[in-house]
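First chain written, first letter: the chains are A, B, C, D, E and F, and each begins at residue 1.
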Amino acid sequence: RSASRRTIATTHDQVAVLKANLDNQTGESLGYAAKRLFEAGALDVFLTPIQMKKGRPGQLLTVIASANQVTKFTQLILKNTATKGVRYQIVKRTIMQRKEIVLPTDYGDVHLKIAQFNGMVKATPEYDDVAHFAMQSGETFDYIQTRLQALIDTKIS
Amino acid sequence: RSASRRTIATTHDQVAVLKANLDNQTGESLGYAAKRLFEAGALDVFLTPIQMKKGRPGQLLTVIASANQVTKFTQLILKNTATKGVRYQIVKRTIMQRKEIVLPTDYGDVHLKIAQFNGMVKATPEYDDVAHFAMQSGETFDYIQTRLQALIDTKIS
Amino acid sequence: RSASRRTIATTHDQVAVLKANLDNQTGESLGYAAKRLFEAGALDVFLTPIQMKKGRPGQLLTVIASANQVTKFTQLILKNTATKGVRYQIVKRTIMQRKEIVLPTDYGDVHLKIAQFNGMVKATPEYDDVAHFAMQSGETFDYIQTRLQALIDTKIS
Amino acid sequence: RSASRRTIATTHDQVAVLKANLDNQTGESLGYAAKRLFEAGALDVFLTPIQMKKGRPGQLLTVIASANQVTKFTQLILKNTATKGVRYQIVKRTIMQRKEIVLPTDYGDVHLKIAQFNGMVKATPEYDDVAHFAMQSGETFDYIQTRLQALIDTKIS
Amino acid sequence: RSASRRTIATTHDQVAVLKANLDNQTGESLGYAAKRLFEAGALDVFLTPIQMKKGRPGQLLTVIASANQVTKFTQLILKNTATKGVRYQIVKRTIMQRKEIVLPTDYGDVHLKIAQFNGMVKATPEYDDVAHFAMQSGETFDYIQTRLQALIDTKIS
Amino acid sequence: RSASRRTIATTHDQVAVLKANLDNQTGESLGYAAKRLFEAGALDVFLTPIQMKKGRPGQLLTVIASANQVTKFTQLILKNTATKGVRYQIVKRTIMQRKEIVLPTDYGDVHLKIAQFNGMVKATPEYDDVAHFAMQSGETFDYIQTRLQALIDTKIS
């Protein structure tokens, strides 16, 4: 059967967290900047709405990156956003070790992201597969996800 | 088998939507006000963070209520919040007709909220049952919900 | 004694609510636009953070204005913001009738905003007076506000 | 020269605004639903973070659609989201009349969205063109946009 | 008189701040997770709305815990949420030393949280007492809180 | 010609980041607190809407300050807000070196903030100048900013 599993260990590592406050950049421009940061290998990029001085709505940009890429991402943030300063820190992270396997189902092959930590196992179908099957079958995203997840929960434990 | 079903029809009705902007009330006090509004029979009460003049963070309080209860909820909002004015409208609503049934499962009896519209059926387990089974079994909320939902999807269609 | 009171009646009126979604305007520019709208006589102007298409953070601008000033404020919004369309509605409002009185206190004269609805009376000190007394006395804003409010609650009822 | 212009008149029309509160759907699933709604011809789809009962963070989904498509979008929302009810209204809208023209520039042809209202003209370069030129030239999105906008402002007035 | 006071000193300590980004968990499930984290002894748990990739609204979960409980809360977060990684840091904190006293009032006994730092004293009535007296008396939460706070300000200084 | 330029080097420094969660303070009072913190020399002060326990909307206050002013700002936060604890960290920052120059334009003298990092130069007109010229000329903020920015981009490079 196709659902191979290997024993995986807990991982502790470190990541860089870079932050910049933005009040003079449009939403369009910020969407573009986020895309560039992802393309450059950022582990995560997200925006939080904040309220700044003088009645200005702003956005706090947060970039999570490899701990050894602070210089690269500082430069990319300074280039692609309107900020003139980037705050950063190295923070610790407990990250479940991951692997991907492929599980055949009635809908077709599903890529599973499997993660394990201290005997706890999480296996979830990839977004793209769920979206694809939902489009194909005319069912909803949530219906497909539930069916796949229930199937996965019985196979992986 | 216990999962009885009746044919249910689409419903169109009207609800009152009441709104007030709040900048001089604490979060503690707003939590209290929301609780009082729910107790008084509001269909829904929710808060949206907004940015008001002079650098003040505020909250937009929205109350959904029966279309014939504008006066009652206006009075409750004026009493329990710091606002001095309440905007309101009657808006149309398409609401799936609902019923509750009880479905026996391995975890115990589950109350299902069933809703139907134009041949579409949604059946979801009640929050309290999912939470209860999660506590009892030591499994997560999401694990229990997926299992129950998958079971429901095969029984109700 | 100085705290004069007149009988005041409940008021029902109508206001215009104008809305526009903005994704290509900076926070600085939006702060400027909000200031211009207040100067032009808007009853209220506020911003709500929203999430728009293509990963863009945006702001929903809401302007509350007199019911007969839709044209004026539509034009001001189209001029001062990047939107190309303004949605608007006339909604009903229950508004407590207001008057201002001056109350002498140990800190100095305080302007009170008094509002009444169905026998309910709300009287609150003006922001500017509270801020002024806090600066002058070295006490906090909340300390001054509580003292003034407690004094008002005993005088006005 | 390529920048043709036609006289364009102010338009007043009506749109449907449909809303649903969501507390039991994931962000992944909501992203999928928004995509489906755009594909089906929604004029706009956006999400506002709200705070619902029992300590639950939720999202308010708003869909702007043609006034005669309430039924279609009600059905799509009920199908693709976890809500069991959709509130809707027909609201008025003042919409600048739009046309698109192509303007040759040093970077290449730029598609301009031109909008006019009461003698006011707005002309902005399309996002895709700005993004494309930014990628090609190695300049930032904001640098390209400013250059194009300044060029447009001198040509179109 | 009943309001006993002891001299209390400034405290500096350290706390763990744990964070996880969540885009594939429902609001219902997050409300449940927050409740479990509080029950397990978290000092604080709060959610911030964020905008993630691919048009997905998400939540940033932040848990404040004792500095020596990183392992315990990492495990609880990994179990009760959909994340596969938890970032954490030990941060410094200046915390006013606290004690609780009981103050008899006309409404009944009130529990006061008293905090002191560098000669500054803050004393506030407990939420539950204010809410209880408001329900009992038919007055608003804010009215009761102001009266109690003003009373406290004259007794404690 | 007036636009003098000096060679400027990249700077790395450290700043203090202080945070406090607030659920029992009004928006009015928070606006006042933010103003006091800016007056005291905070580098930045911003508010993020968060969702706290028991259905309470709250605000996360963040203050960025000089690394050697933790004690001063801790005291100011404890005094001007309702919190009883302040978390703080020293974080690293990459900050573009800045200078201000004055550039004569058709609208009048414009103050430019110039920043440089690794050969990258950013020059932006001051908010107050843009706002002033917009008011004076009757043009929009965005129109003036684009014209000034385009002029600056050709002079400074």
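As a convention for this text, a residue touches a chain if its C-beta (ideal position, glycine included) is under 8 Å from a C-beta of that chain, and two chains touch if they have at least 3 such contacts.
In this text the structure is predicted, and so the values were computed from the model without any measurement.
The interface with the greater count of contacting C-beta pairs, when B-E is set against A-F, is A-F. Annotation: the subunit A:subunit E pair of sequence copies touches via predominantly different residues, less than half of the used numbers being shared.
When the contact pairs of D-F are matched by residue number against B-C, A-E or C-E, more than half turn up again in C-E.
Per-chain CA centroids place subunit C at a distance of 26 Å from subunit F. We define each chain's centre as the mean of its Cα atoms; on that basis subunit B and subunit D are separated by 29 Å. Put simply, the C-alpha centre of subunit D and that of subunit E have 40 angstrom between them.
Among the residues of subunit D, those in touch with two or more other chains are 24-25, 28-29, 34, 47-49, 51-55, 57-58, 79, 82, 89, 127.
If the chains shown are joined wherever they touch, the resulting network links each chain directly to all the rest. Taken in their complex, subunit D has these residues touching subunit F: 49, 51, 53-55, 57, 143, 146-147, 149-150, 153. Across the complex, subunit A meets subunit C through its residues 22-31, 34-35, 47, 49, 52, 54-59, 82. The part of subunit E that touches subunit F in the complex is made up of residues 15, 17, 34, 38, 44-49, 64, 89, 91-96, 98, 113, 115, 117-118, 120, 122, 124, 127. Within the complex formed with subunit F, the residues of subunit C that make contact are 25, 28-29, 32-33, 79-80, 82, 127, 130-131, 134, 140-142, 145. Only residues 21, 24, 48-54, 58, 60, 74-75, 78-79, 82, 84-89 of subunit D touch subunit B when the two sit together in their complex.
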